[in-house]
């Protein structure tokens, strides 16, 4: 898993532990937890079908386990293909297509080797990129929905606790602890939203951007190769997608 | 109905029941319910005309009862039509158009069989897709409006309760129960918004995406057939719309 | 006026009356009303010029009194014109242009009869549709602004009440009633926003959609007639704008 | 200044005065004012550079002092130029360009007189309109930022007051007044946001729309004249930008 | 650093100091600070990878240290290049490309000198501008995320404090100070969001606009030079991007 994720979770939990100190028992309340978790996921199940929810968690898992891709390596590789295609013709990329690890690169090269026309390849790959973007967006939306349901059910739980407490205020000494329990559901809802669902949704959005840049580089490169562009032009085109720091690295090579 | 919906509602209600325990009587208050329901639907009736409200509920019912469509089966079917059109000419799809269950597919095939030009077919079908999108969006918007009115009238009800209570605070022992009753409208508003209206609006949005993908596949396929594309190209084009998992399934066939 | 509007207002007021019961006197407070109404419209007058505010109320009145248009009747009418133009030439629509009730239809027919070229007609009508959309949007925005100012001044009024009360808490028995009065401005602000301004803004938005569909149908039809399209094609084109239920009705005719 | 602005401010202040009554002394608190004003503008200075802030206030001043432009007069004027250009050639507009008050009209006429090609004129003017829109948007954004900082610092001030009060609650009789003072910062923040910053931001947005319509009319008219359009067509084109009421006025002329 | 930034921070801190007065000790609470800082950055680390967070802080530092660019000087310089290219041919800009300080200008001139076709140069530079915009947007988004996490963890800290306090309300005299401590986390969260993260995010957005205008001017100018435009036309085109005040300055030169 991403190092920052682990450090981040530890960091936030440690910070809360400092605040809680030895009173940790006061923050463990099973019914409160059930209200928030049950309500949040219950609402999410009305909102989404099971395959969508499972899909979102799968996408999230992938986003955290994912090894960052290197755009500079991709550009280098595409430059190599460009040279090969120049020297030996586009059909020479057949073996490259077979060996490619990335499914999208494999498919793009295969379409180029098959001799489809450039606009046809562009339309198919663009379409695929749009579908990927759509799926990522929908994953992030599911976590954004969870992040809006969880504080809502936290508040609902607190209202339940308050109503019960206010109904039977015979013994003033019980008011404090009852209210403490009521507030714990709000606490759970806020922590779930801000330490889990919102960061995960944000992670999916930013991971999506990286992956789409990678896919666009792949498409741009393969299209440029199919057009028979000069390998130097292919690389120039792709390098303009990079941020300055990476661009310097790519040019040095 | 969708299994997840039923499980979700049970799950959320059970979670709240755990919190409420034996105090369920405290959470049933007819005037509070009337304020929230009356206010929410009253505001919605000022906002929308009756046919719009009824339409939104019809669309919502449909979204929950709807049997998920299978894009892979559709692609297979369109592939079959492409082969048939190749062998026997586009007119051979006349009987396919007559037998099609899906109204949109029927209409698309009919337009192709009638020999309209491809841009004309595309413009008519695109137009129809835009109108479908518009209707779905408007259904989701109505439920989003209900989801914003219900907590507002929950708060209005609580304000009514508080003002009445504060006006006549002669007997301190009645303060607690009065406030409990006041808070119940907020509780009703929050539950209605977060367990009904928001998930339904979300459901309409995500169902809309699925249905539009299905319609786009249909249009893309019929247009490709009308252009006389090679059946393999037709299938390749359509498969690029699918997510990897479904794509693998579609290619295996 | 729209039946739903009247039913909606009665419904919401009745719901609140149930909550208020016999304590209605506690909810009438002229200074509180003045703060919310004065503040809300004061802020709106800084925000908008008088003609804009008056215009917004005129548009809102129109939106509620408006007799729903029938797209199917419009299509039938345009189909009739298409047949007439086919048989007797486009000039035969001169009298239709003169008799048309709808100003936009009149203008569109007049432009067609005047023999302008189709792209010129399209550009003028499109421009007019854009301007209509802009005006509707600006009306809805004004009510959205009112809906955001009214709860804000409700809260400001409550703060005024609380500060005054807290400054002179000599007699504890007056705290309750003072706070009740303070809360009433929040109540007024919330009711004004959620029972008046927000539903009106929503009404303007949804009415705008209906009217724009009507205008687009008109434009599409007149352009198609100007192009000399087959009357059956004209109707086919227009019907694709309708929702399935209306489409069935239009086709039956 | 705009009459509505003055009436609006008086109206809102009078409404609040009704609520405050004779207790006005309780609402004047210099430290509270300093916290809200200092915090709000402090944050704004971190956010924007001085020239941006000064520019925003200059734009706001302009928006309130601005004499409403009359699109119908502009159309009449452009119609006059169209006739003149028809009769005496485009060069005859040289003197019109020199006499024009509006800088944008002057520039547009000058470009037309200089004999640039229509697409070049369109591109330059369009560009200028985009830049104007950008500047207006940025002015409105600065006031929107101020409107979000001021209630935030109002709340921060209230928190400061509450913490100080809670730290030393020796004398219960001081709790009320202390809390009153604490609440005043929230009051200041809310009034500043809702009676100043938000209405000003809204004013800039709606003034921007009017000014852009005026600029678009100017551009459309000058382009139409450059194309050598019939003066009647020029006027027809421009009139379609107007709302029905103004259109009737413009056509009567 | 930008003068406004320093004045702004001093101004906001002084304002708060006025409110706090001699009670400053009450506002220093290490555990509260740890909860807010740890929680905020913890959540941010789950949301973003380390290089992204570090990148955002680097971009923010750059935004504050950045010397404002002068569009008028750039236009003057591009005008000079246009004259030179007219007289001595585009290759004469080779030395200008070598001497240019701005990397983007250097690259644009180099592409022009290399004799690439104008659409190719435009596509490469446009692409680069899009990537710059994307990076700026992502920097601003990270600070917006921090600005939403910090008040959330402020509230979470307050909930922790309240729950602990309510659990053990034996000694009423401790309630005040305990609540004061609980509220301090909310105070920290609000100050961090409104005095640091939100203004920084706003700064990045407004700096981004300035920088993109500068880049667009550069691109527009170099493209115009490559097309062999008359130097006067080059300057006219660029000047239309400026606001009136700067335009007057640029024309005077």
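Labels for the chains are A, B, C, D and E, by order of writing; each one numbers its residues from 1.
Here, a residue touches a chain if its C-beta (ideal position, glycine included) is under 8 Å from a C-beta of that chain, and two chains touch if they have at least 3 such contacts.
Bear in mind that the values here come from a model prediction, so they are computed numbers and not experimental data.
Any chain bridging chain C and chain E, meaning touching each of them, is among D; the list is complete. Where chain B touches chain C, under half of the residue numbers in use are shared by the two copies, so each contributes mostly different positions.
Spacing of chain D relative to chain E, judged by their CA centroids, is 25 angstrom. Mean C-alpha position of chain A lies 40 Å from that of chain D. In chain D, there is no position where the chain touches two or more neighbouring chains simultaneously. Interchain contacts close the chains into one ring where each touches exactly two others, per the touch definition above. Beginning with chain A and continuing to chain E, the ring of touching chains reads A, E, D, C, B. The touching residues of chain D, when paired with chain C in their complex, are 2-5, 7-16, 18-21, 23, 26-27, 68, 176-177, 179-180, 183-184, 186-187, 190-191, 193-196, 198-200, 202-203, 206, 209, 236-237, 240-244. Those residues of chain B whose C-beta lies close enough to touch chain C in the complex are 31-32, 34-39, 41-50, 52-53, 103, 124-125, 127-128, 131, 134-135, 138, 145, 148-149, 152-153, 155-157, 159-169, 185.
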